[in-house]
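Let me begin by handing over the structure; questions about it come next.
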Amino acid sequence: MSLNISGIYPPIATPFDNEENVDYEKLDANLTLWNKIPFKGYVVLGSNGESPYLKLDERVEMVRRVRQGSPADKLVIAGAGCESTRDTVELIKQMAAVGADAALVVTPCFYKNAMTNDALYQHYHRVADLSPLPIILYSVPGNTGIDLSSDVIIRLAAHPNIIGLKDSAGDVAKLGNIVYKTNHSDFQVIAGSAGFLYPAMTVGCVGGICALANILGSEVCQLYTLMSESQHDAARELQHRLIAPNAAVTRQFGVAGLKQAMDWFGYYGGPTRSPLLPLSTADAHTLRQAFISNGFVPNVGK
Amino acid sequence: MSLNISGIYPPIATPFDNEENVDYEKLDANLTLWNKIPFKGYVVLGSNGESPYLKLDERVEMVRRVRQGSPADKLVIAGAGCESTRDTVELIKQMAAVGADAALVVTPCFYKNAMTNDALYQHYHRVADLSPLPIILYSVPGNTGIDLSSDVIIRLAAHPNIIGLKDSAGDVAKLGNIVYKTNHSDFQVIAGSAGFLYPAMTVGCVGGICALANILGSEVCQLYTLMSESQHDAARELQHRLIAPNAAVTRQFGVAGLKQAMDWFGYYGGPTRSPLLPLSTADAHTLRQAFISNGFVPNVGK
Amino acid sequence: MSLNISGIYPPIATPFDNEENVDYEKLDANLTLWNKIPFKGYVVLGSNGESPYLKLDERVEMVRRVRQGSPADKLVIAGAGCESTRDTVELIKQMAAVGADAALVVTPCFYKNAMTNDALYQHYHRVADLSPLPIILYSVPGNTGIDLSSDVIIRLAAHPNIIGLKDSAGDVAKLGNIVYKTNHSDFQVIAGSAGFLYPAMTVGCVGGICALANILGSEVCQLYTLMSESQHDAARELQHRLIAPNAAVTRQFGVAGLKQAMDWFGYYGGPTRSPLLPLSTADAHTLRQAFISNGFVPNVGK
Amino acid sequence: MSLNISGIYPPIATPFDNEENVDYEKLDANLTLWNKIPFKGYVVLGSNGESPYLKLDERVEMVRRVRQGSPADKLVIAGAGCESTRDTVELIKQMAAVGADAALVVTPCFYKNAMTNDALYQHYHRVADLSPLPIILYSVPGNTGIDLSSDVIIRLAAHPNIIGLKDSAGDVAKLGNIVYKTNHSDFQVIAGSAGFLYPAMTVGCVGGICALANILGSEVCQLYTLMSESQHDAARELQHRLIAPNAAVTRQFGVAGLKQAMDWFGYYGGPTRSPLLPLSTADAHTLRQAFISNGFVPNVGK
């Protein structure tokens, strides 16, 4: 049987100090807060973790630290996708050595024209063959320009070491179809955003990896619980309130918005690495309103 | 109070004979079958009606015939969006004169760079001011390249003559947010496809305008009923089976696929107008499998 | 032998009065000015003519008036592309009856997924078979989302009634390749913009249909002459100065920008039809600077 | 005065053995052949060098080897762009230490929404401030999804350590405008493809970094010479013949096509790194025809 990955995960932000170095103490402080929330575990070095901006040894160290700072029953899912197949396999092995439970593997994307269904299928198949960790496919076309197709996903779901999918595109018809076409296996589909977590679960997704859970972790977990308990009216109400704040810290203002909001809600957000820029004053105001107008009050001195 | 548009509608195909002329007898025959299904009404001259291929007088005649061939309690929603504001208003007036209950107005799209939020807002506002019919906004970026933004939709929802939205893009987070931000008004959001009808309804959409309802009208209406009665498990199961056939007659094979499948399921589909091409034999086979493999058996002699 | 279409054409703006009705007197006034410039002819109802906003009878009347207001040796090329094949053929016949010399046929575009190479080939082939006028293919992906492929163009060039191509995308490698692969026939390739007229001619294009020629007609014709006379240094210098003003009245500010600049340079521009909006004050300022900073002084009272 | 970078460069392919390890002997063998061609120098680790698939130390070693294997008068331009500003600066320093003459810095691209004009400007400005090597901007939207805007490029051209631009998008109007707006400085614009080398030079570009030069280096250099000597007719003829082979080894078949053709023309191409796939037999046939039908005969035993 596959590792059960159902539940809610924050794809955690990577804390930097003012010189843009990783600040592991701030990471520990955030983990201390997050550990009180009923997350299924943590995703380290997803898109929100600025993984393309971290050196490989920094990435491995981040996973090690999160594993050390988390209770044993929390899963640690490590972002390990690289452009080449060989680098991906090697990084997964290093992630396994420091305690990761599963690897999240984003689609390679630089050679867009060459990333055919066939190329992506063979990439993931080879990675899964060689990986000591179970593999979770990861499609995030907003960043990569590559939308991993249902056909490839459904074919890959037959591989015993490929246990699930994180899809951030928000096409719930696609997600529902994948759930349906893989329901003879243990394949698990995870929503890649809090913006469509509830409707995604109504068509069979088993959890969410949600940037917003860095900030409103309890609320995202509550939405998961409401849905699990078939409290649809309450779920819809809560889902409604989460859409705009979620959009603000993802497609609208990105990692800089996420970190700014973390600072407001009691976590350490801190600066991003360059070339990401801090929010302008106007954007910070808009971000704040996206929380306030939906009933989430940031702790901010103005 | 606004016209209540909640429910299921087929955006009906326009039947042509072998010379590509509109075949009104075949339309009547289809209506006779559709009238037995608990549709809320009909959408005439949506994208699936090949409206860009019909002359203006053919469009008006189609609406007149559908009105004549339908029971009085069925709503007739007429596709009336043109590129210019003035043509749109004029066509709506003609649609009203032949019995349409509401007008579905697609976003203008030719001058893509100029279709700013401001231009689209003013277009719809002016149309709504001058229209004798209530207006339903229509966003279908797969055809138009224009995704009507939440901001514009929410602002337009305040206009007393703009009563709803059909959105075909399938972004349920967007749909949920629009439902939430307009819930103080009578604004009604309609899913533009059977592929995400159930999850869209879980976040507050009140119905669907679904190409697939031309073919599997009873099943789409059943999904609506299951959701209305909070039978979520049965709804999910039925939704799952509808996704692939729906995709096959929309984004995958388009109107030619829709008409081919209509022929198989007892309706008159017939040819499309050129430049649309009939399906190849291979594509027809794939289309047929999309129905068969999900439990819907076409009546086809091989 | 094919009609020789080499040379420069303005795709003329359609003048409207303040009620958005076509103002044929203003058209005559503009023609009187344009007739003094060594244009090869006029394109009526191209993208810059707001053709999607004109009724079919208005389009025909525009062609009739331009034919009447032009010397006999000027070619009149009529924009006649409609979404359906049958409407396109019918409109071409009407354009022929009022004196058009050739028809410019834009790619159909609403059903984007269905506009395959095969569908587009068959559309143009059938139009050319039935057309009393020679056909010029027209690809303008910035508006249509459809980039007519080199393969289809090269195959269509073999049709005796398809005499040329207007391509507005600016991919000169594509244009050069089409020139090369069709050089055994009379096929003529025309640049669709003044922004790349000179480099397009260096790879074999024989002229330009250039929005900017509505305003700076003499200068665009001069560039054509310089290139024809192999005065490359002077051509480069003039080309350099035309790029920014051209961009300003096309992709940057569109038809509203074109008409505003026409007003400044002694022509009648006037309002656009809605939903196109007039320029904001700030945009008008930027537009003006695009002319002034490249040495073209608008006659504007401030 | 800036480093003079005018001339032709192959962005060299990185040779791998059958285990996908870098094969430095094969690199030396290729260099021995390339050194006989009047290239201005070599670009190491551009897009065609599979740079995203090489580890950082492999990238540095590639530059060292190319420097060692090249005459002193050949420039070595090192691809050094990373996603983060800090990694880019560090890699440039390492490239400088092993003998690179200039650094080619591709736009960061993962966080597409955040790569605003402002973010890109600040990224390049900071890199240029800290770099021991002169910087060449690099825009390749086909891979990155980011089109570095003219405005940002023109502003960056004022920085004394930013000496040029490689642009692979093929928009010669853009290139001409940048040449014109920076002609008071030493800024040098280089065409990023052999497909539009000649027309780009007619508007002021000073050379080309051309994948095709890996294979047809003499011909690409000849085109440069013809243009430099104002032999426009001969330049056009040669340009025409290069467009299709160039397209075949870039956007059509990518690095796998490039390496396949290298094998045919006497160089070592060899395998790509996974996930890039080798060409299918059918694609190899099409590729071969793209050379043969334009007069370039591959040495292939069938």
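The chains carry the letters A, B, C and D, assigned in the order they are written, with residues numbered from 1 in each.
One rule holds for everything that comes next: a contact is a pair of C-beta atoms (placed from the backbone, for glycine too) under 8 Å apart; a residue touches a chain by one contact, two chains touch by 3 or more.
Only a predicted model underlies this, so the values are computations on that prediction, with no experimental measurement involved.
**Q** Report the chain whose CA-based centre is farthest from the CA-based centre of chain C.
**A** Farthest chain from chain C, going by C-alpha centroids: A.
**Q** Please tell me the distance, in whole Å, between the geometric centres of chain B and chain C computed from their C-alpha atoms.
**A** Using C-alpha averages as centres, the distance is 35 Å.
**Q** If you average the Cα atoms of chain B and of chain D to get two centres, how far apart are those centres in Å?
**A** 49
**Q** Multi-chain contacts in chain B: which residues touch at least two other chains?
**A** In chain B, no residue touches at least two other chains, as defined above.
**Q** Tell me the shape of the graph of touching chains, choosing from line, ring, star, complete and other.
**A** Shape of the chain contacts: a ring, since each chain touches exactly two and the loop closes.
**Q** According to the definition of touch, which chains form touching pairs?
**A** Chain-chain contacts present: A-B, A-D, B-C, C-D.
**Q** Can you name the residues of chain A that touch chain B in the complex?
**A** Those in contact with chain B are residues 170-173, 176-177, 179-180, 193, 195-196, 198-200, 202-204, 230, 232, 235-236, 239-241, 243-244, 246-247.
**Q** Any idea which chain D residues touch chain A in the complex?
**A** On the chain D side, the touching residues are 20, 47, 52-53, 55, 83-87, 108, 110-116, 118-120, 122-123, 126, 142-145, 251-252, 254-256, 273-277.
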